[in-house]
Structure formats: structure tokens, C-alpha cells
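By written order: A, B, C and D. Residues from 1 in each chain.
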Amino acid sequence: AALPPLAKKDKYKVGFAQTESNNPWRLAETKSMQDEAAKLGHQLVYTDAAGSSAKQASDVNSMIAQGVDAIFLPPREDKPLVPVILAARDAGIPVFLIDRDVDHTMAKPGQDYVTFIGSDFINEGNRIAEWVVKNANGKSKIIELEGTTGSSPANDRKKGFDDIIAKHSEFKIVASQSGDFARDKGRQVAETLLQAHPEADIIYAHNDEMALGAIAALEAAGKTPGKDVLIVSIDGEKDGVQAIVDGKIGAICGCSPLFGPKAFATMADYAAGKQIPPFIKNDDDFYDGTNAKDKIGTAF
Amino acid sequence: MNRVRLVRIIGTYGVLIALAALVLFGFLRYDRFLSFYNVMTLLRYNSMFALVALGMCFVIMTGGIDLSVGSVAALGSVASALASPYGIVPGLAAGIGAGLVAGLINAILVTRANLMPFIATLATMQAASGSALLLAGNQTVSVSYESGFTAIGQGNLWTFPIPAAIAVVAYLLGSLVLNYTGTGRAVLAVGGGEDASRLMGLRTDRVKFLVYVASGGLAGLAGVILASQFGAGQPIEGVGWELFAIAAVVVGGTLLTGGSGSVVTTLAGVLLLGILFNVLNFENGMGWISLSAYWQSVIRGLFLLVVVLLQARLTQRRLGAL
Amino acid sequence: MTRPPDGPSPLLDMRDIQKRFAGIPALVDASLCVRSGEVHALIGQNGAGKSTLIKVLTGYHRKDAGQVLFEGKPFEVHSPHHAQVNGISTIYQEINLVPLRSVTENICLGREKRHYGLLDWNAMHAEAEGLLSRFSIGIDVRRPLGELNTATQQMVAIARAIGFSARLVVMDEPTSSLDEREVGVLFSVIRQLKAEGISVIFVSHKLDELYEVCDQVTIMRDGRTVRSAAMEEIGKLELVAAMLGRDVAAVEGHATAFGERDRSGIGNVMFSARGLRAGQAVRDVSFDLRRGEIAGFAGLLGSGRTETARLVFGADRANAGEMTMEGAAYNPERPADAIVAGMGFCTEDRKSEGIVPEMTVAENLTLALLPKISRNGVLDEQRQREIVERFIRELGIKCSGPNQKVRELSGGNQQKVLLARWLAMNPKLLILDEPTRGIDVGAKGEIQRLIRGLADQGLGVLMISSELEEIIEGADRIFVLRDGISVTELEAEAANEEKVLTAMAHGTSASSEAAT
Amino acid sequence: MTELPRSYADRDVVARSFDLLGFLSRYGTVIALVLLVAFNLAFTRNFATMQTLNVNLTQVCTIVIVAVGMTLVIATGGIDLSVGSLMAISGALAPMIFMGKILPIGNIYLGVAAAMLVSVLVAGLLGLFNGWLVARFRIQPIVATLVLFIAGRGIAQVMTNGNLQTFRVPEFQWIGLARPLDIPAQVIIMAVIVAAAAWALKKTLFGRCILAVGGNEKASELAGIAVSKIKIAVYGISGLCAGLAGLIVIAINSSSDANLVGLGMELDAIAAVAVGGTLLSGGKATIIGSLLGALTIQLVRYTLLANGVPDAAALIVKAGIIALAVWLQQQHRG
């Protein structure tokens, strides 16, 4: 089967099947989509899967049943959403994946879905690890605060980071535990790990929220974040970038959730019959001491 | 006497009436609500919950509870995904087998170690979740598309979704067991008075043992469908399924204290809650008010409240005489 | 101890059974020997160990030592199920059925009728109806058991036990919640069983009954079998003496419990009810009660006595009617109101409405007294201890101490704790619903004397009892209820069994008008 | 003779022949705690420090506070699934008040006081609502509180539109950050609550009534106890405790996230109560037990984290320890 076409219209009814709304990053993403739809006058059918791939698939199914014109989908996992992507294709509805891709052995961009717009989580891990290697200044014992166990950003951000660190024998990951992408849990885990590994002097958190939790943990333990312990993370939310400005976080690899403009522009291009590349990469910012102050405006 | 019987009937079938009302509402309000596609995908998706709720229903009728069903389903999905390259039967066997093992552990904890069901199954819930993650290496596990395994979740019998057909068969069997076998009666008797049942010569432990194992097996089967329907074993799926199942069972008019309940109305409870999600999605599509996800949970909570209050009124009258 | 005369080997032979609970002995050296086709009485004071012995026999408790022979072979029972399969069918002291399930299910549970492997409901309903008709009970067997009154439930339990084709039927106080007519029916069924060669173990505190049906008697005291004899060989006084462990002369002294009563102390009307009505059970009940008077409620089972008492105590709300207490209008919305007005209510359903099983004797005893033994919401433990110890002493509650769990007490002692709960609050009006149900003769006398003594001090007592003797001897005035209507009022002097019985069966509301 | 747990007799025999087991079970939770501490002293680096104590105590505070309310609810034979959502509501409400989003309040102290009072009270009121459903309509507690479990977090999210609220308000955050006498403020709060509740359950009329209602509702009603009021009250108290715990969580983190505050708290608290030896069926309860139970669970978590046990395996170990602890607890229960 070929990719279904999209008729050229002024107003579309488009579906946006969000995976969850329990962290600032997702909220920013949703808001960006909604704002852009409102700006362009499209009707956005928005669902929230509350963190369940199965529910997300069912949400997409209900969009297909409602006969939306196109679907924007940030698939929660790379495999479970494939069947509904194919179902949408068969129902003649083009699907645009945003922020996460699916398994290419099961569904192919440009064939089963239009394209994938987003970042590369492994690459984010790589970039932040490279920064650490360059800027550690003799610090070397790393505590890693992982995202939700089993979730793909956690797996990829870990892989991207660990792969680079493995190549530099002077660094050592002394502990790596899940903080569930959440500030409170991140704080508690950091407190415990710092207790058990007092020699640790670098903390790598899979997102800013956990990094902020780690800062609270350090302060409670009487250490100075940024000085005694170097903190790096991923995402680039405002509080995080502000922490760079304050000297508490060393660097953050951005991962922009503001997909709205790019997503709808891509849809318009597709309707206009333009050739869409299979992967539209987000140009993620990278924040560190040199630019945080200037770029804080671009943080979400 | 006639009035009593009437009240009893309304009490039992109240959920059916609510279900009909909700469907009618959806039909009148949304264009494609009763479209073939929507109905079939709805049935396909909710078949998993139906199976889990069936097991839960039996456990609750004995006066117990099984919090582990969600993570056991996740475990089952991983196990069956791992076994799926070997074909449908190994896939099924692995998923159901994993569920049975988990159910067996629950059964042993409850009947041999005499743990309170809430705690025993809470522990199993965590252990099953951990096992699923370990087994899957913290990732989703692809199922094999070659072995035909995906037919269980994605295939059709003529035009009827296979998983829904499985659920229907399971409910028919469940209803038969409950109403026409000694074991079924024993389930209700144990829930109605465990000590009395034991003194009456029932092997209460055996009955409880059976329901937990069955619940585990059904959760495992739901896991197989999960893996097959979505093409992947998912170790972190299944969160909150237990509460969905409990809500469905209660909405279906089964007493949480045990001793009284019905299989058919449990299915109606599942559909009622499942259709509610669907209605909320359709409401979003209307574009009048774009309900945020947050409002949806508020509405779901309120809906549960209304149904439960209704049930309470009816059962209170039904049991008022006691 | 005496063994029964030799003959063919007995059906059941329990020897030197021992059983301890948390170190405290319940059975020290208990033996029981029952022959085929024999009705065997098992008697003893409250807490003597009768129920425990039975539960050892049926595998509910595991014995610590001793030997059981059944049908001549050693019998190691490990569960009630196992006992039932082996032909021992039991009715336990507390009704042990499942209230939410239908009568049929309760009767047929565990031996369902099948048709092609599936349950045959029609056959089961028919069987249930058939069994119940042996007791001349015609009810809708599809109804949940819990909707029936206590007596009918008890009959269902008996029907269930009879329904198993058992070799031995054990009945632990089956008659305590039955009235005379039903007891009669039960006895004819027991005789029928006997004729079929089935043995019966029969536990009861109503000694007169024993002489009617039993062939043999075994007497227990403090966990020991003290005597076993043929029923006709042993007189009633001798029985009592053996139970209590005293000599016959000492027992003879207080044979009648209530004794002669001086009615001059009875005062003015304290409480009155006019035209009470609530649902189907209570349709038109009027009565009054004077200070220091014991008013008895007589009636057949289901005549609405309990329901009336619950209305008076505020446990249920009346649809119509008026009540006055000490001259003022009285309209209780909940039991707390009645307690404030100075009433106490000792329920007939000790297990589900009376005791709090996990709590101690002390806590149970002071449950209705809490506001009085606390200051600013804080409990005064000193006072609690004083009160509890006094009542344990006065009522002779057999327990290891105030801190023993109530559920570990024998049935009769639980009943005493309940009574004490209400006596302790020093009420003006005490409603006693079957106050001596399941209480041994010794204790029964004590309780009856106690009631009388309290009445003498000005307490008004409303006593419901299915034992006609208790009502006629104990009450100063008797109200007879029939089908939820108070039909007759009788003064004690004028009352005799025949009159009361006639009123219970045929009484007209005409005489109730006469009473008002 | 009333209902006996099945193995009453069997257990009795066992208890006599192995007195050791009897002893073990009576002090099951304490022994589990001691063993955990011993294990950590031997194998966990840097364990014997004040800071470790601090970390564990501050982390366990919120669970203990919620578990106290939960213990009372469970003592009446109920259960409260809504605590996590109530934490989220109070956690969302407080910053809105002291940051002046609802009503501009000039004085920061006044604002903070109002924020604390109002948000805890709102949680308490919602608790009363739970109790009302349970007492008035006889809805089974799991279901009655499931309503707010689902809707409550939604309400908190709607209030904040799901957004994170961040703040730096020391006047408020003392509740999570201050250290009078070098003891963290929330630890003191926890200690006071535990002591008060333990005392109330043992020594007061209210406590006795709670246990009576849990032990036999009909009998309590007939003994003149206002069963409905007691039930409503315990759910109210549970709500208050949850509200307070919500404030502590947001104070420590300088931020309130309606999506996450108190997530999963109900199960942690119930597990703590059960491990502590309170019967989930009601009628028997121990507050100190719940404290010990929470500490045990906390220490297990700490041990596993500190020793680098991966999350997945940690889940299994934790499950095993909970089951074992409750089983041990149950052995001496008469």
C-alpha cells in the first residue's frame, strides 16, 4: 500500500494522540501543538494515553473512526504503535510521527507513515557525554539518574551517554539508578546514592527535573552543586537553564518539545505535494555556561 | 414479593440499562460512533480488560482482591512475545503459563501463608513487574510477524475480532462455571462466609486457590492478546488495569465483600467503562469543548461516582432486608 | 469415668482427647462413646468443652492428644470436609450458613445435583423443598437465606445436616433458637433418624428436652468427661449436680430460678408504646412497662418480638406509632438516643450484633459505657478495670482475665459478657432478647436471679424469650404477639402455659384493645 | 466460638514447638529492621553516619504521616486509595495561595499561613467526602475512594493546568527544609503525629470507638457508638494527613507538580500499615507498627539503591520482603 494523500484544504481536522501529560516537557509539546492548530484554524482532536501504549493505540483508532484528516503521533514505544499506524494508512489517513520514531523493520517512513520529526535520544546522550569529557576538570566519578525504567528515552539516553564514557577510561559510572524522570524521586535517589558513593563528583540526569532534584539533594547534604559536583542533564526547561546561569548545572543538551510549527508546516508541505524527507531532525540547542544567559528565552 | 423481585432485577441489570443509555447517547451525538470500525476496534481493545476483569470478578466473589493483574498481563505479554517466533501455541502457552505461575504464587501466599489478599497480590504485582522488566531487558520485545502469532490479537473470525471472540468464550465459560457447577457455587459460598463454608465442609482453600490461579491465567491470556495486538511484549504496560477491573466488577454489581456477583454484568461493566473512554475521545473530536486530559479524569471519576451511587441505592434496597 | 456397657463396637469412640488454646487447656481428658442408632446427649456448663470436642471430631480443630475411632477404625480427620465425606454431619452452635446465598444453595452446598455434569437447579430446589417439608416449613427456597428469621435459618441448618446421608449427625445446641412447636418437629425428625439407624449427638442446656429424645448422656466438666450413663438411669438433679460438680443436696436448694417474687415494688408506668408499626414484621404493637416490672414478650418465631424491641431501642425506625419514656415523648433515631434515655438492649444475635470478637472481655464489657468511663475523651482505665473485674466476679464469667479475647470464650460466657455490658451502664429499662439462650442451667439461674434482683431495685425489664417457662415464671406481665400485632396482655397470676399458647396461636386483637 | 482464622489450631501447635518462631513473629518488624541495619552496617558503604539517618528519616516522613491516617481508616475496616491524589490537591493549592494567584495577599506570612491551613483543610474536607460516601451510602471503601483517586489528581491538574509551580519561599518551605535543633522539621512533625495518634488509639474514647467499629459494626451501633461519625472522621483525618504530607513534599522540592506529587503513595502507605502488623480487615491496629513498617520499607529501598541493585530486580526483592514481613507478623496473631 502506498502513502495516502492529503487533500489541500484550508481547515483540517487533525488528531494529536499525546502519550502522557505528566511532565513539563509533554505539557510544552501539547501546548505548542494546540497553539499552532489554533493559529492556523485547524481543529485539533487531542487525546492523552496516560502513559499506556495500548491506550494510545486505541486513541488513534478512535481518531480513525472519527475520520480525521491527518494524525500527529508521538509513539510511546517503537513497536506497539505500529499496527495502528498501518491501520491509519489503510484507512487513508496520513500519519506524522513526532518526537519518537517507530521500529523501521515494521513500518517505514515515506511508505507507511509520512515522516518522523524529532530528535535523536542517543545523540543527546552522546553530546552531553562529550561535553562532560571535555569539561570535567578532573572530576570523574559519575552518578547516573535514569528515566523511567523500560521507557525508550531512558534506554537511549543511557546508551548514548554510556557508550561515549566507556571510551574514556578515566571516567567511571559508580551508580546508575532510575529516578522516574521526576524531581521528587530524583532527589530521593540522588540523596541515597550520594550517601553510598560520597566520592561521586558528576551527576548525569536523563532530564532536567531529576537534575533539579539532585541539586536539592546536594544542598541538603551540605554540598555545593556545580562546584563539588558537576551536574549535566537533558531537555532544556527554563528552570534547568536558569540553574546553568546560577552555576548549579554545568550543561544541558536541549530537546525541544515545541513541535507545533514544524509539524503543521510539514503537513502543509505534504498536502501541497512536496517531497517529504523520511527524517526531519530537530536542531536541538545545547546550553552551557557560555550561552545559557542568552538562550534562556528559547528554553521551554 | 413481586416488588422485591423487581428491585432485584433492576439492581442486577442496572448496569445494562446504563450501558444502553450511554450507547444511545453516543449514537445520537456522534456521527460515526456506531461505525463498524469503531465498534470493532473498541471490542478488540477492551477484550484484554474483559479477560482481566473476569478473573478479578471471581476473586472478588470469594471476598478477595487481585492487584497483580496488570503487571501479570505485562509479564505475560513479554513471555509470549519471547515465545512468539515458535508459533501461536508456544506464544499462547508462554503467556498463559507466566500468568498461571504468578497466579499460583498469589494462591500460595493467600491460602498457605494466609496473607491478606490485598498485600499478597500487591507484592506479586511488584514482583511480576520486576520480572517482566528483567525478562525483557528493560525494553519492549518484538513479536514475530512470521509465525502467525499476531493473528490472536489482530486477526478476525469472519469480521469479528479474534480477541473479542476469545473474551466472549471466556465469559460464557465463566458464566457456566459460576451458575452451573459446584465450584462456581463454592466460590460464592466462600465469599459469603468463609468460616461457615469451611464448617459446611467446603474445601475453601482449594476454591480460593483456584480463583487466584484462574485470575493469573486470564491476566496472562490478556497479556498474550496485548503482545499480539500491538506486536510487542510490553513490560511497563498494565499500570492501573487492576483498578479498571475492580471498577468494572463493582459497576457490574458484584459485591466487593464477596458472596454475590454476576459474570455477565461484569462484562457490561467493562464495556461501560471502555465506551466511556471512547465517548470522551469522540467528544474531543466534536471540537465544541476541547476537554483536556485532566478534565477527562475528573469526568471519569464523577461518572464512577454516579454509577456507584446508583448501584449503592439499588443494592442497599436489595440487601436492606438482611 | 464410666464406659457404656459392652456391646457391638460403638460407632464413635473418642478417648482421652486433649486440646489447648494458646497453652490454656480446653479439653483435658474428654471421652465420648456413641453407639449406632443412639441419640446421645452431651451436656456440661458453659465452657465445659462441648463445642470444642465436637470441633475436634469434625476436624475444625486439631487435637493435641487422644484417639478417635469411627466405625471401629482409627479416624484421623483433617478437615470438616473430610468428616462430612466420612459420614459425620454437623450443625454447629452458631448458625454457620451463608446468608447471601439462597436456601437451596445452603442446603445443597457440597453435594449438588448434576445433570450432564452441570448443576440441576430444579432438582436441587425440589430437594430443598422436600427436606424442609419434613419440618413443615414452606418457604421460597430461592430466597437468600439471610432474609429469613433466626429460627428458620436454624431449621435450614438442620435440614442441611439431615440431607447428607450421614452415619452420625452432630447437633450443637440446635434448639436454642427454636420454639416449642419447632422443637417438637425436630424431635420427630430425630426419632426418624434413629429409626433409620443413624446416631445423633445432641448438645443442649434444656435438660427436660434430653429426657424426651436421648438414650444416653455424657456429662463434661472443665474439659473432662465426668460421667456417662443411660438417660433413664440418671435423674435431673443428679445431672445438674454432675455438671456443676456439687452434690445433689446443694443443687436442690435453688431449683426454681426466679423464685417467688414480691410485686409490691412495681411502680408507675415508665415506658409505653402505642400502635407501633414498621414494615411487615411489626403491624400494630402496643404495650407499657412499669418501673421495677418484668414484662415478657411471648409469641411464635417471627411474630415480631425482636423487631419491636429494635424499634424501641432505635435500631430501626418506626413508620407509625407513639412512644413515651418517663412521661416524655420518645422517638429514638439511633441506639445512642435510647442509651441516653437509659435503655439497654441485649441482642439475640450475639455473634453478628453482640460481641466484637477481636476485642478483649474488658473492652467488650465497657463498649456501651465508654462515655461514662472517659473524661474529656480520654479513657479512665482505672474505672474500667474496677467495673470489669466486678462484673466478671458477679456474673462468674469464665475467662483467663479481662484481657482475654472475647472470641476465645465459650458461647455462654460470651452471652454473660453481653449482659454485663448492659448491666454495667445501670439502665432504667433493659430489653433482653433471649437472654439465657445457650446458657447452662447453673448460670441461667444466676442470670434470672440477677434480672429479678435488678427489677426489685426499680429496673424495668422487657424480656423476650422463646422458653415459655422462663416467660411465665419470670414475667410480671406477659404480652403476646402474633403476626406483628400485640394480641393479648396477661397478668402473671392469670397466666399459665395453656393460655399463653392459645393466645400465641389464635389470639385476637380484641383482647389487645381491652389492654389499652 | 466465633470465626477463627483457619489455621488457628495449627499455628498454636507450631508456636509451642518452636518458641523461637513465636518470638521472631511477635517482634517481626523490629527484627526485620535490625537485620536490615546489620546488613547495611556490614555491606553498605558509609552507612553509619548521621547523614544516612537524616536521609532515611526525611524520605520516610511523608509515607509515615499518610500511613498514620491510613492506619486509622484501616482500623475501621476501610481503606483509602485517594491519599496520593489528595496530596496532589493540597500540593497544588498551597503555592497558588501563597504566590497570590487566587487572592493577592500582601503579607507573605499571612499568605503562607492561609496556604497551609486552606490546603490541608481542603484535603481534610475531601477526606470527609470519602467518609460520607462510605458511611452514608455504604459504598465499599475501595470504590468510594477510587472516585477521588481518579478524579482528585485530575482536579489538581485542572487547577494548575498541569503546569509545574516553582517557588522559593523560605517562609513556607521551613516545613520541609528547616532544622530546629538540627533535626529536620518534617521529622519532628512526623514524630508528633505518630505520638498523638498512637496515644489517641490506645487511650481515648475515639480510639476505642474506631477499633470497635472495625471489629463489629452492628454491635458498635447497638452499643450506641455513632458509627457513621467515626467513619467519616477517620477518612477526614486521613485526608488531613495526606494534605500535610503534600505540603512537605512540595516544600522540599521547591516545586509542585500536580502530576506527580503523591503518585503511588496509597500503595506505599498501605504496605507500611500491613508490614507494621495492622489487620487490613479492621478491628486491630498499631500506629507504632505502621511507623516501623514504613521504616522497614524505606530501609529496604535505601539498601537496594545504595548497593546498586537494578530497578527491576529491586522490585522483586522488595516484594519478597514485604510478603515475608507480613507473613512473620501474622504468625503471632491470635
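By definition in this document, a contact is a pair of C-beta atoms (placed from the backbone, for glycine too) under 8 Å apart; a residue touches a chain by one contact, two chains touch by 3 or more.
All values derive from a computational prediction rather than experimental measurement.
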C-D or B-D - the one linked by more C-beta pairs in contact: B-D
Distance between the centres, which are taken as Cα means, of chain D and chain B, whole angstrom: 29
Centroid spacing, where centroids are CA-atom means, of chain A and chain C in whole angstrom: 72
Length of the line joining the C-alpha centres of chain B and chain C, rounded to whole Å: 44
Chain B residues counted as touching two or more neighbouring chains: 133, 138, 195, 198, 255, 292-294, 296
Chain D: positions in contact with at least two other chains: 3-4, 157, 162, 279, 311-312
Multi-chain contact sites of chain A, meaning residues that touch two or more partners: 21, 149
Chains grouped in pairs wherever the two touch, ordered by label: A-B, A-D, B-C, B-D, C-D
Chain B-touching residues of chain D, taken from the complex the two chains share: 3-7, 79, 81, 133, 137-140, 142-144, 146-155, 157-158, 161-162, 267, 270-271, 274, 279-281, 311-316, 318-320, 322-323, 326-327, 330
Residues of chain A touching chain D in the complex: 21-24, 27, 146, 149, 175-178, 182-184, 187-189, 191-193, 195-198, 209, 212-213, 216, 220-221, 239
Complex contacts: residues of chain B adjacent to chain C: 1, 176, 179-182, 185-186, 188-189, 191-193, 195-203, 255, 259-260, 321-322
Contact footprint of chain B on chain A as seen in their complex: 13, 18, 21, 34, 43-48, 50-55, 57-59, 61-68, 77-83, 91, 103, 105-106, 148-152, 155
Residues on chain C engaged by chain D in the complex (per definition of touch): 20-23, 51-52, 55, 60-62, 64, 92-94, 313, 315, 334-336, 338-340, 345, 347, 351-359, 363, 367-368, 370-371, 374, 377-379, 381, 405, 407-408, 410-411, 414, 421
